[in-house]
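The data blocks that follow each hold one structure.
You will see chain A twice below: alongside chain B first, and alongside chain C after that.
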Partner chain A sequence: MVQKRFFAMGCVLAALCAASGSPSFAQAELTTAPTPRPAPISSDSHKGGTLRLAAQNSGGTLDPQVSYISLIKQLETPVYDGLLAFPKFAGSAAQPVIANLAEVVPQPEDGGRTYRFTLRPNLHFSNGQVVRVEDVAASFRRLFKVGSPTAGPYYSHIVGADACLHDPARCTLAGGIETDPTTRTITFHLTQPDAEFLDRLAWFHAAILPASTPPHDTGNTAPPGTGPYRVTRYDPATGMVLERNPYFREWAHDAQPAGYVDSIQVTFGLDPEGEVTAIENGQYDWMYEDVPLDRLGEVGSRYAGQVQIYTLLLYYYAALNVRMPPFNSLKARQALSYAINRHAMVIYHGGAAVATPLCQLLPQGAPGYEPSCAYTKGASPAHPLPQWQAPDLEEARKLVRESGTAGQKVTIIAPLEGRYAAMAMELRSTLASLGYDTSVRSMTQTVQFPYVQNSDNHVQIALTGWNADYPSASTFLQTLFTCASFRPHSDNSPNMSAFCNPDIDALMNKASAAALTSPAESRQRWAEVDRALMAQAPAVPLVQIKRVSLLSKRTRNAIVTLNDEILLSQLQVR
Partner chain B sequence: MTAEAPPPPGPWRQAMRGLARNRASMAALAVLVLITLSCVLAPLYARDIARTDPFTSNVAGSIMLDGHEVDIMQPNDNPLHLGLSPIGPTGHAAYLLGADSQGRDVAARMLYGGRNSLLISSCAAVLCLILAAAAGIAAGFFGGLVDAVLSRLMDIMWAVPVYLFAISLSIVTVSQGLKLGPFVVEADSLLIPIVIIALVYVPYAARPIRGRVLALRQAEFVTAARCLGVPRWRIVLFDILPNVTTTLVVLGPLLMALSLLAESALSFLSIGVQAPAASWGTIIQDGEGLIYTRPMVAIAPGLAIVLVVLALNILGDGLRDALDVRDAARRSS
Partner chain C sequence: MMMALLRRLGQTVFVLFGISALVFLVFFATPGADPTARIAGRNASPQTMEKVRQEYGFDRPLPVQYATMMKKLFITQDLASYVDRGELVVPEIARAAPVTVSLVCGAALIWVVLSIAMGTIAAAMKGTWVDRGLMMLGLIGISMPVFWLGQVANLITQSRYHDTWLFSWVPGLGYVPLTENPWGWFKALVIPWIVLAVMFIGIYSRVLRADLVALSGEDFMRTARAKGLSPTRILLRHGLRTSMVTFVSLFGLDFAQLVGGGALLTEVVFGLPGVGRLTYQALTNLDLPLIMATVMYSAVFVVLANAVVDILYLFLDPRVRDAR
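Then we have the complex of A and B:
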């Protein structure tokens, strides 16, 4: 994967994305039970030094409210803070948000329509300016003014947000955010309850910036932040430097811990093969890109102690257009789900240590995930097995015969890049074995992603991926499969299957609403939604992947979290 | 009475004899024939010898080697169990050169790929020569406005780097195919790379042809034909064309070599031969991701390209020597 992560609509296009975590220098598996642990403060903590990172390309703009590139998010996580944060202690399970610039996580009031925060005292931006409640309000107005990619999807429930979306330049969020400088209180008023509002306040785009930050994309200039580091140099062609923020004093270790190294230097331009070699030679400490497939064996055998493997909330799937032949037939969709060889898909990503066969639309680690595989040998939607066993070609061919779709032409639209090409060929082979006249049309990923979303392009089957910005069932199920998320004739229609089932929509609404009052019930309902969706097979989930990250020999204390991956501020160098 | 001396051999026969005496050219020709024959027999090899389908992904499959079942994708030996590598050269009929990243037999794909590479390069060379001959003869013989227009057009095409030109055309056509009135060429048709490669090399062949025609136009036999009132089309067809044929024949192998390189480059960039079909360029692309673990996947087609291009160049040199009258006179003296 060349460029990575973060792309559209609160979720991410697969190869443009990644996330998440495990303890240092150990392989991690996701667990469903949250096990918060304090960040390890090792006795041999080593402060100082320069951390040297390598990335293939720069990530474009540094504006934390505009950038949707994972590299920038990862580099700027120790630069900016929101009112809330995802915990920064090691662990591979989804964790609830914790207070960051706010003193505590508030309880919702008014049936989930009001949230009242108190800003911590004595906080400073990296330019020395004190953080005021007005900065908080201005930051949320700026989200709309700069056209933040998540302004609509994540923050449209704030009162006044509709007007801001309509006329960003005159955005006031009147009635939506109230501030009281004397008590340092910020009150958010929502038009309707939003079960994920707190998660969204912890999301990267909700960074608090000085009120004086210009209301436009700041491009190559990083606005002052509150974190332990500040960006002191950035040249998209060559590299970036982060140095200590002299005004930073640690206020909550789990939310924004102080950094160990004095500076972080990032060099752009090396390809992943070159990055691996450079790290092996001790010239760099960490590479942003995944270790290339053909170097996995070498890295696993000679540098096993320097490898981090962690699960991402990222999966690849084939979206089947339920409004076009042959996949307007439920039996044809189910046939493909039975026939696909997920073991082969795992092999394409580097084997069982790096990828897991996925049978359902909620990945491991997402709230509501309950292992279930309806389409594998010996299973059915009514009697699923806990995990995928093997393809069932016999059942698949029978379903194709019953659907009467054999012999029809099917074109797979797939990204040109890397593993997608191999997965597309596997899909093609599978469809051909079911009797379809199959071809693959490849295009670059940046073109393919909007192309397959637009119903005008009459895509029958699209190979794509999805990654959550934060652990949430709705990010996968509601974003990808509700009637509302199918927008005909639009390049921004994440429901690529054009799937619309009002009954399942109602189930999702119930699951979402339950999150405000009973998270356990909500998770149970999301699991039901997952099974109901899989019975309709609007997509064929293929594989969930893990990230393989390589660190230099001199690097220590790799803390990995589900949301922020490796915490750069916590790395130590000797 | 003495026996009448046999008539001297014609120029073509002389040239062929000259070529036959050139050992390097004969060796190159033999290599070309051998490679072409092997590629033509690709289906036979895949079906009856390797017993494999080189167009179907087979990463989850296995083969029997010396009575043992062996996975085509083999786990790497490391404590983290990271990564799998395709099986390497087996030395057996099946997977002789190993597998690619999709578990397909590289040797079988090499032969199928060679069919496409050789077909595209030879057809592109022939098409290019036809177009170049038409343009060069028209420009050289008619002169004036025709020459000015055609020559400037060639200059413009020449000014654009050949690979950039080919990539631009390919990107446009490979996504949508070609629609010329009632004729529709599918995006994965081999016609597309053939036409593109032929087009981009036209100026390279048309220029020397035009130069030769300019010289021939002043030749006495052409002047004589004109004085006798021979129609211009007859002069072109029966006086000019036969005299540029040697140039075309010499250019043929060289153009084919250039076309082969261009086809490989385009296919390597995924804008030539489209998957699951293969060409030597696509196989090199497949091998790029395996260069550290299974370098043979990229090396084998690379070697095939080098071998064919080298053979075509040697053959082209031999043909030039054999067909060049002045050179022959020098040699005989």
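Then we have the complex of A and C:
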């Protein structure tokens, strides 16, 4: 998952915004909701200028096959391309992937084990080199050679990938990728059908780079790409500059539209408070970080027209360790799910305008999402309600009594940053009200995230968040709750609940397999998995949030997509 | 002289070794601090984790890892950050140091001039309302945390009154290199200078006043008065010069720790990409190479500053010279 702002979003002053009589966030959302499809650049009137962006810190390496930081992903979206792409527009039609460097999205062959692509002709990298099929094959070999974070989870189904994972230096993907320069075809062979293979080809790490790109992390040097911009300067301490790629000619507007501004300048170092002020003063055009909670009232009342609010596939939850008391008891887990006050969690994230109570493990917007709340007043896993209503403390206390776990010690491990502290205190008081002897241990998020994943640390309950790389149910359900994703003694074990249920694993495999033949059936099965998981309550979903992004007065044409958020290449400046 | 230099060098090496070993051990003793998972990325496969472990040498014994890190930091100077493999920490610090030096030198000039003026005037007018007023101002300066004062300064100059004639000249937060635009450099730094200097003005003026008042009863001051020298001459020539010994030793340490990264909060609040902000960034990301490099840089500065202060003593205090 892209490492991103788990400390984000919200309108703590939603009521105030509405009461102020000024355009509120709710109104702002209405005005921005029907995000336009980017129009082809027909006139030069909107072209040109320099877009000035601000971010608190740099995102580390620029290597598109290594970086897993959302800032770099967002900045490099107009720099690199894959064979496929997530559509650069919003709406219901934006869900499946579309052809980018490839001419068309292929139909799976051989029962989903083979995919044939034809590379578009006359494509160039930003160094002038023509894009060849060999570059495509080399880019996939390079994924393994550089140790891309998603090489294992996303691309291990390619024939030969297993050998590449074990011996990256000698990776050939023999039998996995075949190329034919004369017909410009690239054929992928998989060891087993992968319903999300096409999504994964559109994912950022599958960027096509020249075959000559060094087989190691290029760090502060961005390899040549095919998009409308190229990185011309990068200093992780101060800033970054993107300028037009002179070899770029638009080939598919919906996949990689041409950019409006001549250059994009990014400055690192301002904190979010300073960023908001600088944008209000017209010194910057966009900030990467979310508007801090204490500035939402001001921004909502005075700059509502410059705000973009959009839903992210990101939620916060409490992972319950199902192998340790008290949460090895199903009743104890269910009790906490009934007792938690999700309304309070929404308030901690800024109010109803920018956060929604979440009661299930698939967030709104993910394929397979069907509103369902098993743990709220008047509901049960057998009879869920469509929405969370209120906590049911009576039922929760009854379940705790039945579980015989009352009085046990529980330690919540939470990140120090931002609103996590308030969420942790709410969890603590809920557990205390259920009769547990509860305490909170806070640690910096950088430490907390690997710490809570390692089973050696015996974490009972971890407060954390998860976001999707691309819209898929498996990103949330398979990654977080399968037997295979629990890796004992490892800092990289995303199944923080240590949950393993072979029956539910089998359900997931069926849902995943169905996607190849019947996407509708697949979505239905994922919804069933979601409900089956919630019946076991390995985690307490708390809240899903929206991103509040502030733009300068002179910035126009903000196109927001589900995968790439605001398209920087489409912003215009006056 | 040579012996003293060698002794100082030996002390420096010992201090650096102690600090670096401590930082290294504390880092690896912290649960969850193992950088492998963070470098490999979320949900990376066990094979990718293993690859990272081998590449970075995390599978080797700790003393070997420590020695390798020290070699890369001090000898080959190619120690790379754990967050960004392309970021070599030594050049990074070399690029950040001028920003910190610019900030600290400007602030130091302000606090030295103002604190000497305030301390001397207060001592000369001891017991009057001027003395009490100045010392009260000093106390207020000490009481205001620099991060709060910085945020308030930003709120006034960047936000609330930015569009007024008074503050419309204030540029956006950030740094402008002196070589690029000297006027821009001055404008970008003048408010951070004042904010950073405020607390030190308070401390130094109060220390200086107390010193001057204590010295006024000393024999050599009485002798000067008996000789018929003017009160101004006695205060400035005899009193102030002697008080400078305390002042300079205090200044040396403060200046060194600030140049070494102690101006962290000011740099963060004003978005200045100096060594302090680099340290802050390193700590936020738990980036051991950068933490190590900034700590070493800071330690070197403090040790060097101590040496410079010792030398300055020779000029300021004849008793130190005579004691040689």
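What we mean here is this: the second predicted complex is superposed on the first by the 526 of 574 C-alpha atoms of A that agree within 3 Å, B and C clash if a C-alpha of one lies under 4 Å from a C-alpha of the other, contacts with A are read in each partner's own complex, and residues count from 1 in each chain.
The rule we apply is simple: a contact is a pair of C-beta atoms (placed from the backbone, for glycine too) under 8 Å apart; a residue touches a chain by one contact, two chains touch by 3 or more.
All of these numbers come straight from a predicted model, not from anything done at the bench.
Undergrad: For the overlay on chain A, clash or fit between chain B and chain C?
TA: Aligned on chain A, chain B and chain C fit with no clash.
Undergrad: Scan A:149 for contacts with chain B and chain C and give back first, second, both or neither.
TA: A:149 contacts chain C only, not chain B.
Undergrad: Once chain A of both complexes is superposed, is A:235 in touch with chain B (first), chain C (second), both, or neither?
TA: A:235 contacts chain C only, not chain B.
Undergrad: What is the C-alpha-centre angle with chain A at the apex and chain B, chain C at the ends, nearest 10 degrees?
TA: 30
Undergrad: In the superposed arrangement, does chain B or chain C reach more residues of chain A?
TA: Ranking chain B and chain C by residues of chain A touched puts C first.
Undergrad: May I ask you to decide whether A:443 touches chain B, chain C, both, or neither, giving the answer as first, second, both or neither?
TA: So A:443 meets both chain B and chain C here.
Undergrad: Regarding the shared-chain residue A:548, is it in contact with chain B (first), chain C (second), both, or neither?
TA: In the superposition, A:548 touches chain B alone.
Undergrad: On the A-aligned overlay, A:348 touches which partner chain: chain B = first, chain C = second, or both, or neither?
TA: A:348: touches chain B, not chain C.
Undergrad: Determine, under the contact definition given at the top, whether A:497 touches first (chain B), second (chain C), both, or neither.
TA: Neither: A:497 stays clear of chain B and chain C.
Undergrad: On the A-aligned overlay, A:62 touches which partner chain: chain B = first, chain C = second, or both, or neither?
TA: In the superposed model, A:62 contacts chain C only, not chain B.
Undergrad: In the overlaid three-chain picture, which partner chain does A:429 touch, first (chain B) or second (chain C), both, or neither?
TA: So A:429 only meets chain B here.
Undergrad: If you've got the overlay open, could you tell me the nearest Cα approach between chain B and chain C in whole angstrom?
TA: 6
Undergrad: Jot down the residues of chain A that show up as touching in both complexes, chain B in one and chain C in the other.
TA: Chain A residues touching both partners: 273, 443.
Undergrad: In the complex, go through chain C and note every residue touching chain A.
TA: By the definition above, chain C touches chain A via 30-34, 36-38, 40-49, 51-52, 55, 80-81, 83-87, 92, 95-96, 151, 154, 158-159, 162, 172-175, 268-269, 271-273, 277-278, 281, 284-286.
Undergrad: Provide the residue numbers of chain B that touch chain A in the complex, in ascending order.
TA: 56-57, 59-60, 73, 75-85, 101-102, 175, 187-188, 270, 274-276, 289-294
Undergrad: Under the touch definition given earlier, write down the residues of chain A that touch chain B in their complex.
TA: Touch residues, chain A against chain B: 27, 273, 291-301, 304, 307, 309, 341, 343-344, 347-348, 350-354, 416, 418, 421-422, 425-426, 428-429, 432, 439-443, 548.
Undergrad: Going by the contact rule at the top, pick out the chain A residues touching chain C in the complex.
TA: Going by the criterion above, the answer is residues 1, 3, 57-58, 60-62, 66, 68, 147-153, 156, 165-166, 168, 217-221, 235-238, 267-271, 273-274, 277-278, 280-281, 283-284, 443-444, 446-451, 453-454, 457, 479, 485, 487, 490-492, 494.
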